[in-house]
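Some notes on the structure that comes next.
Chain IDs A, B, C and D follow the sequence of writing; residue 1 opens each chain.
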């Protein structure tokens, strides 16, 4: 990813009735931090109420020891949210906690509803008021309405049938129930684990690993689980759920040590790199990633091509913290402050750069220019997925179509724009084959590549509902 | 480096008469941050005075925009200091600035004097008082005494001849002079560059790269340079300077993209890895580092051995920040929070781990144990330098001999202690040969491996003077 | 007030369509800071939306220059909230902002509703959810429901007729309207002013003074004003509004330089002191307050009695900031750190202490003891209001009846408990007469003294609804 | 003091061998905070070393609980320093701690040396270097030089004889000795107390009161005390010490509850007010201070004149914290934000304002203007000391002569400038008589009024040595 990083729509975590619930959520979110760095929160149900602590920033900055102790044990859920500029706001931090008739409910959401505006209008007609711009607030309003004369299971089912789009939820009640819920296309990951006999829910298995919970299984598309004192109850209110995993989770978002949709991410990325070596071979002295994106595909490409793998650019480990901006004369500074090319390794060489994606292309262009100035001979680039031509409406913050450089340029035009000797993208077929499909009938959402959106949406409202 | 990281004795930077002196120092220190994370400071000479700003922590935390603007332009020097526990103190932050007869002097020091106590006693007998425990304060006292009826050049020469041990200094005067100075063994790196006609001094070339200064040359052992308005004056007061580069700068400390002692660090580390593959081959499925130490040697080992390179453990990019400590039940947590092993890559495999050094061995032991529990089959370890058997008295914070595990265990005992199937260290001969020596007569300080200390010291005072 | 200070239920401020709206709110809240130190917030309506910034702590800590600039101009409302321990929470900070059908509404509330639970139950039956425990959230839910097929005026009137208890509201809409509203008993102050042709609303006139607005008048009990581009519209939906001013605003809460309910607070307090001198004269060497409470009544008492006024105890101006707690041996430390008695003024004297109220009595007891130990001869105390025997349900945080020491002790028992030579409270008749009533038919709420509550309430719910 | 407040040259505190030394210093400094708000520090001697913690700001902000615990018990000294703009610097914070031959010494200083530059030049000729611009650093250099072949007592005596100007010192050694020292004119206060058998030193008795130490006596001019395990040793190396107390300590600096130079400050200020009523009577409706300065003189004036005392302006208790500056249109804002006049008390009245001093006159002018605009009839001002016509070179930061408005205007011109109906200053004779002199031969330093400086100084160096 050589450009503005796409921002994932959040990471979620939950644990049922555990004396260290807050601490487990803390570490679960710590492991899921890559899915959201804007804000975070933990809500713990205990003694018929729900305590919640939220804040802006990274998990270790939001929670002090005292906060975790105050939240304490019970049924906990947690959330990390992506980083945006401007709309970033503590009000939009999750979990979202409400009270109704003496009961409290907490909800944390990963994904994006495409019918949020329709649902909101309906609710407002009935007098509902809103304090945030989050889809989650709409979902919880709907759920409370559906609770009238209904069991928890019925209310969740009715609510699920009204929500359209991508959602993986964890939720809790002040009675200690823990709820997990996935949309019928299963866009976003959500898995179930067990820790000392207590159920755990997490966006990715890396969070289970960190708290040393045992992985049980992923939730099925459309599945709802209610975990209570007597065990787990699973049901699926959707008539025809069908898997449409977000394939970009494999390519970019998920942590390489996670297993999602039943495949390890590291191995999958290496397979993409190997496929790329077969599809688009080229003679060169070395293969390198722009650390850290493209790392695993680069290892796969090197393996399949026999060309040596090198870390041709060194990442400054202290970047990420804010620093003072340099004067104009220090041109191209922002490239060098993050990545310094190793002259001795690169000068005079023909190199292949492996990237996982190109969104806007501006960063890639600047980096290629820096390599040229250093004296690199030929610069080839290989991208481990097809060109991004369509925005995502299911929870990934790909800016509008206009900001996707591949939407308006051919590969050849892009090669020229980036100043490359050659540029190749992995084909859709190559990507799907390298990723593999375990179960018959399964599929991926690849709307960002092919424009085939598994769930219809009102394009005129897209902009508004791209939050969440 | 699988154990408590050895701590470098600081990074230094200087720039002569530049309108953006403070900002250049800021970015110079930013690039040298790996050499010290405890404290930092910048002093700028202008208008016959010296302004200084120092603080605890990382460079971006110490300096706000306003601080850099206040420091402004002139002749600037900067310093980053290593992180210790306990003795860490703002008083010991550098540069060290003093006034004498209306002139100000600033000094920043990388290294360690072995005759500090003797010099201090002499100075105290003459009535000198000390506010810090830093060698630098002793050096500056001595320098001021030597200034009496002497030119700047004479005072520096006389001072240099009294200092024993390792030192690379940058210093400045309120008259705008910039001074660089290296001990006659040349233990620590210090190089000279040029930026738009202005001289720059830096511990490593990566700092020159970031501010886009051109590399000119390294200072010679014992060389002193005084840079003033009319140019640069170089002299060497030492009768028989002889190179004894710290070889551990290549193995561990310096940034891979730096060139020190005339060799690129990345290439040198790869050469160590290749040498290791020849000295200690073993059959395995994959070669991996514990990121990020051992990374480049691992690439070299993989290349020479033909065994695939893998990133078998994934580093959590958000670690480094403080976080809440887990309860006791979450055993081995500190391993997992930093590095998560990728089960799918490692389970059932024979692996070779490449490390750059083992100091205490405790972290390595825990990591190997975690790999075993995961189901790795055979675990071989290869270290890209000889065993550390002796403490360093020239500025690297290797704890006392008792803390160096290789000082009390044979390699076989250590293999057993770490739970490895095999363990090999690169030989001294292999290390020297792979590192290469460009000029005849040059040599390395390898006292930490062979106990041959290039400068004598009073062992009874060692403990006390290991600061600085 | 010699004990735990009662905590006022907030200060409110509003300004209509002013280019410096945020800044005016900032200074208005600054002047009203004595009415609430827990949290504060400002909401500004502009361009069909409402921006809001809230935080914990004092006004200068909550708002930075950038915040005020971002909020900018338009129609602004602000709120400061009292300080509590425990339940203090950013969620409960005001103004409260909601969205409904594309419009935004902001509300800030001073007072307490006694039928909050009834209203909440009704709303929940219709599916409303709540995120806070504030009365204000109930009021705004009700208002939105009432907006259906109604004008703003109708919706406000209907809402006002459902709310029971004490409320002074300022509110705004995203269309720029500014709303002021007082309950039909007029418990809490709210006045109207004008600044360069723009209307201003404020809890007390001291806020008008600071922003240099001209005082126009107080709102009548039950009055609602809607200020829009074309002017001000006033109406009163209540059939029989009747003044029941909170008399304790005069005695303790309001700032002495404010005029509330048409009388200056400073002069009123002096009148209480004079009345006390007439009701309970005693021979003594000096009259003194425990600064700063009782100050003005003490001046009045000295004036009427001819006994010299002295500042017998000196307030430490730096207290208020948190400080490290002393060890047990430093007994009575918390008294001395705030107030140091002036030995030379007090030793051997007969003194009269004037206080404005006694709630728990613990602080008064400790202070009297300290005076005795110093060598004061006779200690008389005069309280400038009757004994507090009943809790307040209209917005003042008098803890429950059990915590009011005068509810369980006779004056003689209390004199004995406090270690006084004599103790007298101002009589209800004396208080009313000294305070004065301007208009025929007006009255005060003196429920905390006489238990006559102007608005009925369900005692079983009192505890729960004492927030707000 | 109606203008820029003069800034005292620091408060000092010391305690000998107490298990809660750091905590006692903390509270001692807390009580002395009015003498300096720029920076503070505590140094504790224990186990042959001295620990020190210093910082910028107020005492409760500088020290956290952990800091006090780390400093712990032993012999402690503390210091608070006045607030300046610009030169304010952590380097200049005290106590000043140095090491020499394995011993540590800590020093805290209140006052100003007039021969600092001469001493510094001498020391520099011998090779001494300086890190700060503080007089204290010069004194300690001198002391260490004098220690050569001398006892502690001899070294202190020799040092004292070389220092010219005003100094009250507390100092400690790593051997646990506590030292107190006053210049031979006794300009600044320093008193001795006892707490559970342990000696305490403090600038003012209010610090003894807070830690509940018993007052023993003030140090004599020129007296040096060394407190060690075996008791206290007092000596006076000066041939002819003679009291020249700073009379401005009574008028303005010291806390009213302190007793300094054997008189209570509160009573002394009242006596000044009474003397003023006799010297400059005028017919009026009320007497008032600008709180809080002039408070006690106003009580005295009211008492002697029979005119009622009123608090005509109300201080905002939350001012002192930084706040956002208003736009230009909010004219005279800085007056009103601090003090709000009570219209009802003042309008149409003839008033007498009692002030303790006028330095620049700008604030007084603005306040008088605000009173006029409010509708006050006649405004008389009475100052409880003579006009300030000369700068102080002994430790009070009266800006240069040019900034003292009374140095360039007659009283009549000043009355006109301030917009008053009448203005009178207390005469020198009236001031001295009202203050009283207990012992024969005692005197005051009144150089700021009469230009008679008890210690000569080189006027050309004045500016430079006005620090400290």
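One rule holds in what follows: contacts are C-beta pairs under 8 Å (C-beta built on N, C-alpha and C of every residue); 3 or more make two chains touch, one makes a residue touch a chain.
Just so it is clear, the model here is predicted, and its values are computed rather than measured.
Comparing the centres of all chains, each the average of its CA atoms, the largest separation from chain A belongs to D.
In this assembly, the C-alpha centroid of chain B lies 62 Å from the C-alpha centroid of chain C. Mean C-alpha position of chain B lies 49 Å from that of chain D.
Between chain A and chain B the centroid-to-centroid distance comes to 38 Å (mean Cα coordinates, whole Å). Chain contacts here close into one cycle, and each chain has exactly two touching partners.
Each chain pair that touches appears in this list: A-B, A-C, B-D, C-D.
Residues 20, 23, 26-27, 30-31, 33-34, 58-61, 63-65, 68, 206, 209-212, 255-257, 259, 264, 266-267, 292, 295-296, 299, 302-303, 308-311, 314, 316-318, 320-324, 326-327, 329-330, 333, 336-337, 340-345 of chain D are the ones that touch chain C when the two sit in their complex.
Taken together, the chain C residues at the contact with chain A in this complex read 90, 97-101, 121, 124, 126-131, 140-141, 144-145, 148.
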